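Listed below are the structures to be examined.
In the two assemblies presented below, chain A is common to both, partnered first by chain B and then by chain C.
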Partner chain A sequence: MENVNHLEKFQAVIDADSKIEPKDWMPEDYRKHLIRQISQHAHSEVIGMQPEGNWITRAPSLRAKLILLAKIQDEAGHGLYLYSACETLGISREELIEQLHTGKAKYSSIFNYPAVTWADIGAIGWLVDGAAIVNQISLQRTSYGPYSRAMIRICKEESFHQRQGYEIMGKLALGTPEQKEMAQDALNRWWWPSLMMFGPHDTDSPHSGKAMTWRIKRESNDVLRQRFIDKTVQQTEVIGLKIPDDKLKWNETKGVYEHGEIDWEEFNQVINGNGPLNKIRLANHISAHENGAWVREAANAYAAKQKKEVLVA
Partner chain B sequence: MSNTKDNQGQLWEVFVQASPGIPHKHSGSVHATDKEMALQNARDLYTRRSEGTSIWVVPSSAIVASAPEDSGMLFDPSNDKPYRHPTFYVMPEGAKNI
Partner chain C sequence: MTKQEALFNYTLRLGDNALILGHRLSEWSSKGPLLEEDIAMTNMALDLIGRADALLRYASQVEAKGRTEDDLAYKRGERQFLCNLIMQLPNGDFGFTIARQLIVSAFDLCLYEELAQSKDETIAGIAAKAVKEVKYHLKFSTDWTLRLGDGTEESHNRIQKSFDDIWMFTAELFETNEVDAIMVKEGIAPDYNNLKARWKKIITEVLLEATLKVPADAYMQTGSRKGVHTEYLGYILAELQYLPRAYPDAKW
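Presenting the complex of A and B:
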């Protein structure tokens, strides 16, 4: 009886477009859904540092290197905002990291693809961050207060990421024929995985149902994907590249671009651990975490020693 | 608390003053094992783009928060006490600057 009452109040807050805060009553499934979604989001930010980190030492200029370092530092920061938001739901940072390492928690499949040329750094910023921004702008209005606040902060920082990527692509596209080809090749490889970032079609999306009623998600996968396509086509034309989709065409009546079928078999393969780099990405994270154990131990020993000194004094 | 090997430090709440003269506002949290590290982490995480002129960090465990179920009692709008607002009072005709 008590729960029914709680549930009604909870849904009333959500329907009024107000926010749920950490200490408020919430259904267990709401909490679980949030932990899964926010932690996956946090892990994606952190794992996403790897394909770009791979290019720090090979950035083509000092300017490019400084920008890349700042961008990667932002990604680390975004991961930390999200971990903190997730921890307000009653899970610890240690548990979150453990879930990533054991494979219980996932991260975005896009980061299992390699960044093989400098143009890939452009494509990642322009397309991968571009797709992420479309999703994150929508999530600024999510019903859980700490998640919403993290999203607002992230969105403020993220548009630099997309613009720096687009600048790289634009420069390459206007360069020598080889450079233009490199840019087109990166677009060819990153286009479809970027569309997959929005997840399965609405008709096949296993987690979407309650997420919409609870306003954790505000717009569906297909709506967000369409928005990304519609704004990216024009940007592609401006720099003289071509989206690798023969079926892409403007639909006058609907006012949107129609697109070809996404290869969901590839999507499922990558999600289930068979992408090009799943094992390497995770192994890198585990080894960085384990190699950092002595730092955590030293910091804790120092903190304990300071506490003792305060007691003695 | 889990074992030392995995311990990420305690949680601290971060308050940033965006410009001189205005109140510090809650920005988020950081993990740190001591107060210097908390301040450093807060700087690195929350003020990379001149977002602030001053930072406070407070151990999360030191914050006492009101409970959502008490909010009715605590934050009653007191509509029965209109005399707390200046518009309640009738000023003499013609009085200026009051």
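Presenting the complex of A and C:
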């Protein structure tokens, strides 16, 4: 049983909107919840490098190639600070990667969809990063200090990513008829999976209860999803594309866009491993990790020799 | 050959080397042995493609025929490229990429420090920035050569083999032709014959410290100065140039 005094003090810190820091007492469930959420977030950054990496060598201009490379590098960097934030909770990076490889830890399902054309690079930046930012801005106020600080840093870079994606889509949408078709096609394919990124409706969300009390999560899935839709609809109109939802309409009274029903069957299938690329994304990560084993072993052996030399000297 | 033609050709050579090696390094994205190394590879790719962008832009200005840096990168065929063969080689394992990077970064350091003193201000400016980047590339590849060379038996054998296999592509970096003669005469570029001793010293010191053998100079490959390349270059360009070639009227 958790110590009652500790628990009261812990909740008081949270209720005062102060941060919980690594050495502070915390309930085991809080720690577990954070490890699950932060590691999922870190793995998403890292696996998310794959669909975009698919187009680095084929980016259509030197400028576009440089921006895409910088963006992917940022994502790897985000993965690093999130792994570090997670390590403050008493778990090692090796364990986190092991959990990814065995399937115990998840990553965002969106990255199980393929980046088929160059327009997908625009759609990923604009919609996927756009959806991620809405969630991450909210998480800047999360109760765990290291996670909150990582989010603040990440948000600054993500807003550049979202603009980069929107710029690609804008150029395509205003380009030749073939380019415009490519842009609309990418929007058609990425729109619904982007809405799914916010997770199930509030009424069906299994992890939200305590996460809200502990202020790990600050706003509900549906609130965040709605914010994303309202922002994105206007951006879509500016570049002359159409959101693939016949039921999308402005609700004057509520001041929000109403949308059609999300295909939760698809969502559940992809989460449970049946998306187009679940197996391939993971296999790529495992293969890079295995191919690098001899390199990591060499680095450890070399470091051990250096340490020995210092001791002898 | 006029000075302008020589400068165009020379700048293309520098730009193509940066572009094609940057392309190869960018292929490491999501494949690195550690996330930190993945970032480092992408970072070097960014430096090199950034340098290629600046150099090809300058080449397009020197040529003054209305082509842009993207036209030069995306719309020339295999025989018009002037990058050294070593840049085109497939990445192989991490050790092979490190061996190539050590050889090229040491060469780039010797070359770009001289180019930073060039009488051509644009070249000198690009070179001054490149020197800072190349110092990091050299440090990165030196550190990894030491770790792999003096790490485990497997890593030692692997990277020794990489240096042995790649050695026949090293002499081509220093080849000179009519273009070089004009560049040297104009004070734009150094005489490549004067770079070799320093390059060899850097490589020898790193390899010996890494408990590796410096491969013997045997028969050396050649061809890039005349636009005769490896079979790999065609595939690199097929990928690199695909979109602008497939949609010639499109702007990106």
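The rule is simple: the second predicted complex is superposed on the first by the 311 of 313 C-alpha atoms of A that agree within 3 Å, B and C clash if a C-alpha of one lies under 4 Å from a C-alpha of the other, contacts with A are read in each partner's own complex, and residues count from 1 in each chain.
Quick note on the criterion: a contact is a pair of C-beta atoms (placed from the backbone, for glycine too) under 8 Å apart; a residue touches a chain by one contact, two chains touch by 3 or more.
Every value quoted in this text rests on a predicted model; they were computed, and no experiment measured them.
Residue contacts after overlaying the shared chain place A:S92 against chain B, while chain C stays out of touching range.
The partner that reaches more residues of chain A, of the two candidates chain B and chain C, is C. With both structures placed on the common chain, the touch criterion links A:A299 to chain B and to chain C.
Of the two partner chains, chain C is the only one touched by A:V46; chain B is not.
Looking at the shared chain after the overlay, A:K23 reaches chain B, while chain C stays out of its contact range.
When the two complexes are overlaid on their common chain A, residue A:G175 makes contact with chain C while staying clear of chain B. In the superposition on chain A, contact is made by A:I56 with chain C only, not with chain B. In the superposition on chain A, A:L80 makes contact with both chain B and chain C.
Contacts of chain A with chain B, set against its contacts with chain C after fitting on chain A, overlap at residues 73, 77, 80, 293, 296-297, 299-300, 302-303. Considering their complex, residues 23, 26-27, 29-39, 42-43, 45-46, 49-50, 52-53, 56, 69-70, 73-74, 93-95, 146-148, 150-152, 154-155, 158, 236, 239-240, 242-244, 247, 249-252 of chain C touch chain A.
For chain B in complex with chain A, the residues that touch the partner chain are 2, 4-9, 11, 28-31, 33-34, 37, 44-45, 48-49, 65, 67-68.
Residues 21, 23-25, 73-74, 77, 80-81, 84, 87, 92-94, 97-98, 149-150, 153, 157, 293, 296-297, 299-300, 302-303, 306 of chain A are the ones touching chain B in the complex.
Note for the complex: chain A touches chain C at residues 46, 49-50, 53, 56-66, 69-70, 72-73, 76-77, 79-80, 83, 118, 168, 171, 175-176, 178-179, 284-285, 288-289, 291-303, 305.
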